[in-house]
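Take a look at this one; I'll ask things after.
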Amino acid sequence: MTAHAMQRRVHDAHVLDRTELAPDVVLLGVHAPEAARFTKPGQFAMVMLPGGENAAVALGIYEAHGDRVSFMFFVCGKRTHDLARLHIGDRISFYGPLGNGFLLDDVHSGDVAIVAGGVGIASVLLPAQALIARGVTVRLYYGARSAERLVDAQRFADAGCEVHTSTDDGSHGYHGYISDLLASASHTPTLILACGPTPMLRATARVGTERHVPTQLSLEETFACGVGGCWGCVVPLTRTSAQAPSFPPIECDGSDVVNARICAEGPVFWAHELRW
Amino acid sequence: MTAHAMQRRVHDAHVLDRTELAPDVVLLGVHAPEAARFTKPGQFAMVMLPGGENAAVALGIYEAHGDRVSFMFFVCGKRTHDLARLHIGDRISFYGPLGNGFLLDDVHSGDVAIVAGGVGIASVLLPAQALIARGVTVRLYYGARSAERLVDAQRFADAGCEVHTSTDDGSHGYHGYISDLLASASHTPTLILACGPTPMLRATARVGTERHVPTQLSLEETFACGVGGCWGCVVPLTRTSAQAPSFPPIECDGSDVVNARICAEGPVFWAHELRW
Amino acid sequence: MSVDLRVRIGTLELPVPTLTASGCYGYGTEFEDFLDMRSVGAVVLKSVTRKPRLGNATPRLVHTPSGMLNAIGLQNPGIDWYLDHDVAKFAALPWKVIGSVAGFAVDDYAYVCERLAARPEIAAIEINISCPNVAHEGETFACDPHLTEKVVRSARATTDKPLIVKLSPNVTDIAAIARVAEAAGADALAVINTVRGMAIDIDARKPRLGNITGGLSGPAIRPIAVLAVYEVARAVKIPIIGQGGIETATDALEFLLAGASAVCIGTANYADPRVPEKIVAGIREYLARRNLRSVRQIIGEANVGFANSYQKEGDEG
Amino acid sequence: MSVDLRVRIGTLELPVPTLTASGCYGYGTEFEDFLDMRSVGAVVLKSVTRKPRLGNATPRLVHTPSGMLNAIGLQNPGIDWYLDHDVAKFAALPWKVIGSVAGFAVDDYAYVCERLAARPEIAAIEINISCPNVAHEGETFACDPHLTEKVVRSARATTDKPLIVKLSPNVTDIAAIARVAEAAGADALAVINTVRGMAIDIDARKPRLGNITGGLSGPAIRPIAVLAVYEVARAVKIPIIGQGGIETATDALEFLLAGASAVCIGTANYADPRVPEKIVAGIREYLARRNLRSVRQIIGEANVGFANSYQKEGDEG
């Protein structure tokens, strides 16, 4: 029995609310009291499809409060298209909460920059709220393709974040990449948390290195199981990382790194421990 | 360009109403004025699935009036399960109307028995209505597994049919098969029309033969294209039938029958011309 | 910018690279009410045999996850009747038709090929040496390099029209069979025919298909087909007509990038008869987005070891 | 009436006929929070090799219609580390585990087999001679009767534990390979491993998988797998563990009726981790509905030429 045995389970829920935040961006609130209670910031769930025949979809847990958790997703393929067809009252099951979330146990003060790109926003509301509740200053750097896709930014402002935005097309905020906006900020944070597309994460990691700011990245890769059972979602990690999976300490395939499972050892890693 | 070129087409419709007539029996009204206008009794449509990746589902056109046609279906597999997830307002496309429907051009008087088993009911409302409008007497013999599954019988009574029912479990009407009820009827009809599962159709055909009543059967087989393009849905027919497809008049594979496509040459055939 | 969608299969020029698959689309007339038929570069006709055939017992179709099994069993009126009653009608059709020939012995193929190819209504000939639905007989040709060689060589001798050989995925090494077909004179390869499969009715406790086994088609097999095209494209220089589960422009583009010069759409027509139209529109958009002027520029682009120099040569003409 | 779900694979008795597939289910602990693990007859472990392996570059997974492609590339810590750090933990697990062995040369298999089989924690050994994701090397064994014979014979010599040989569907005639494996001493056959496939990213214009090609699994391949089981069951007398796209009790029953003595569930666990539980419940219901007392009574029922007399003999014991 694993340590999280009491917290992680299959939840048979139903849809409480459904909002189209933008074309092809859906926010789905579901009734799942236990998930709401046990979710830690940065964890995700595997959301099962009504019809079966395809793997569940990995989605960050966006909100977790009272009896409700929510998922925010971008319709980009068959499975998210299928989820987008759900209506209020429809049944929906998921398993979770999964993964280790952001590594925030020791963060009780300071000044945190949260960098979110596109759908990455879905994994950073809970960390933002948790940090603010602890009295930490949170600046959100939020980039998207266009103004229309900068969904739900107001929620972060309401939560007490200082919100900085960028768009690829210049239709709102800074015209360019969000990592460039972060790089050009006069202020140096004490910690960076980031979630978004891989190029954005790499750029953010570079900013962290240059400015000597410890940086946590929530990585994305195609998932199958979401629980460490298939080894499909790996990222190369230094063997000395506390997150490195148990593996022979000798050279393997001529390499001194080890492939860690993003779903099980992550999804959040320290940028300086990645060897990607 | 085929003769029916003006009538058959792809219809991009939306769901007007959705009723669960019984557990796993759905009635879906859709907005499709042209289909409503051109559908002949006993025709069907190929209803496309929202997600693609599977063939369209052959469904009888249940009602056709004004701007609305409806489909009544039993949730029995993946595709009908998917259709059952449609809600009011959702878009739905189908192609049709297809097939030749019942052969009613010469029926202006007399006394018609319509035999429907299970989901076969979905293909016989329009013929019942058409015949009653012409002053023909219509007796409906309607069988189902249980009372609960005898859906929408009242509609036929309201339309002016004399309704006889049977259930396999005796929970309503005659306890037994509907074809047995037909066989035991004191009255001999001038024409029998039937739609339902194959064993029921065979039994109905036997009643027709014994009583010397011309009998039309609307057949079912798994469809792929629904338009005669794949030769997947055949039934052996005597070569001399007016519905026999163009084929060499010589012996083929040692047989004097020809495989007719249910979707294109049918779905309705004269029972005495089948060689099944 | 208008984009050029023409491709060549041997000497046959097609206005668009989207064909409909043999046995799936009748003569085209069955579907013409539902789409703009200019999106169909050619209709590959149902396979015809020497003698008339009733085909297999029903059920002939089973729906499976993202696909279907079929076991039609080559129902057709035989080449004599076909020439007298059907072929003449093709001349009136505004789209090109490609004949398809099946058989049970080497000289069946040669005989039917020769008679069919002689007709001006027929733009090209495909030989189906890979039908999985005729009691194992039909398939053996494409599963055996020696038989493939014999059939292709003898069919080749009967006609100068473009000769397309349709390969089976049910082999250990499809590239090896492809090389044999090329060496024996094929002008093009159709890759792939259906994958052998079966479904069982747990209540009746017997196989669902009248024929017991059938051929799996539809999106389910697309990854298998893309790989087959990718591997064959590295092995031969003649053009490939990719097929197997193509439903969207993205799917069609996967095949073109893997090395196919054209694609066939079969099962997806039953999910939505407008699929060919949507695919052509989608390919146009993709090319425009990439500022390319011809679809021929992308053939084999995702295939590093792409052997086919044919398409580019053809381009100069 | 309580129904008996026990089946035997060689001398190994399983409480239920539902196993989880190699490489898909970790050690079982990853999933135990989500279902009643008594519905898992045994966990087939991820394949282990002689030397440690980092596995393939990412992406290693692609979702496809009703299935997925994977190319993990046998990431594992190597047999030495595995024996020292992992195997001891298995003793504490309340479910049975079956070891899986992969290799690149005949004596790799024998070496790893011998060392693994010597451990009491391991209930049986499966040899994976059909992994499609290691640069073609791995697969050649199951694609070549001669190599199959050698590998199986040498693995057989190392242990008396039940030896399961996992076959590849990527062959012209799987029944022929099955016969060779049986003759070489296999106690059971696992049918099938994944089907080779590929997907292309049309924007990046290259294959989606880091390894270029991968193995297709999930419901998409079920009809292919059912047929393979059906054909193998007619060719051999040893038990078969069916797998490939099993997601519901109906699916599992298809395999049992086709001639499998047990089934593995792989990809479907990712659609719903309760699948094993649901399948066991569904099999129970099916047997009760038919008034049967044992699942062994239905094995091969839909397969007229079913050769396997094993299950029935075993029944007497």
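Structure notes:
To keep things simple, chains are lettered A, B, C and D as they appear, and every chain counts its residues starting from 1.
The definition used in the following text is that contacts are C-beta pairs under 8 Å (C-beta built on N, C-alpha and C of every residue); 3 or more make two chains touch, one makes a residue touch a chain.
All values derive from a computational prediction rather than experimental measurement.
The fewest steps needed to get from chain B to chain D, moving only between touching chains, is 2.
Relative to the C-alpha centre of chain C, the farthest chain centre belongs to A. Chain centres here are Cα averages; for chain C and chain D they lie 34 Å apart.
Computed centre separation for the pair chain A/chain C is 45 angstrom, with centres defined by C-alpha atoms. Centroids of chain A and chain B (each the mean of its C-alpha atoms) stand 52 Å apart.
Each chain gets one centre point, the mean of its Cα atoms, and the points for chain B and chain C are 34 Å apart.
The set of chain B residues touching two or more other chains comprises 53, 78. In chain C, the residues that reach two or more other chains under the touch definition are 62, 65-67, 218-219. Judged by the touch criterion defined above, the protein chains form a single closed ring in which each chain touches exactly two others. Applying the touch definition to every pair of chains gives A-B, A-D, B-C, C-D. Looking at the complex, you find that chain A touches chain B at residues 50-51, 53, 78, 81-82, 85, 87, 90. On chain C, the positions that touch chain D within their shared complex are 62, 64-67, 69, 143, 170-172, 195-202, 205-207, 213-214, 216, 218-224, 226-227, 230, 245, 250, 253-254, 257-258, 286, 298, 301-302.
By the touch criterion given at the top, residues 23-26, 29-35, 46, 51-55, 58-63, 65-68, 70, 72, 75, 77-78, 80-81, 85, 218-219, 247-248, 267-274 of chain C touch chain B in their complex. Chain B makes touch with chain C in their complex at residues 1-2, 4-5, 8-10, 46, 48-49, 52-56, 77-79, 93, 95, 221-235, 246-248, 250, 252-253, 255, 257-259, 264.
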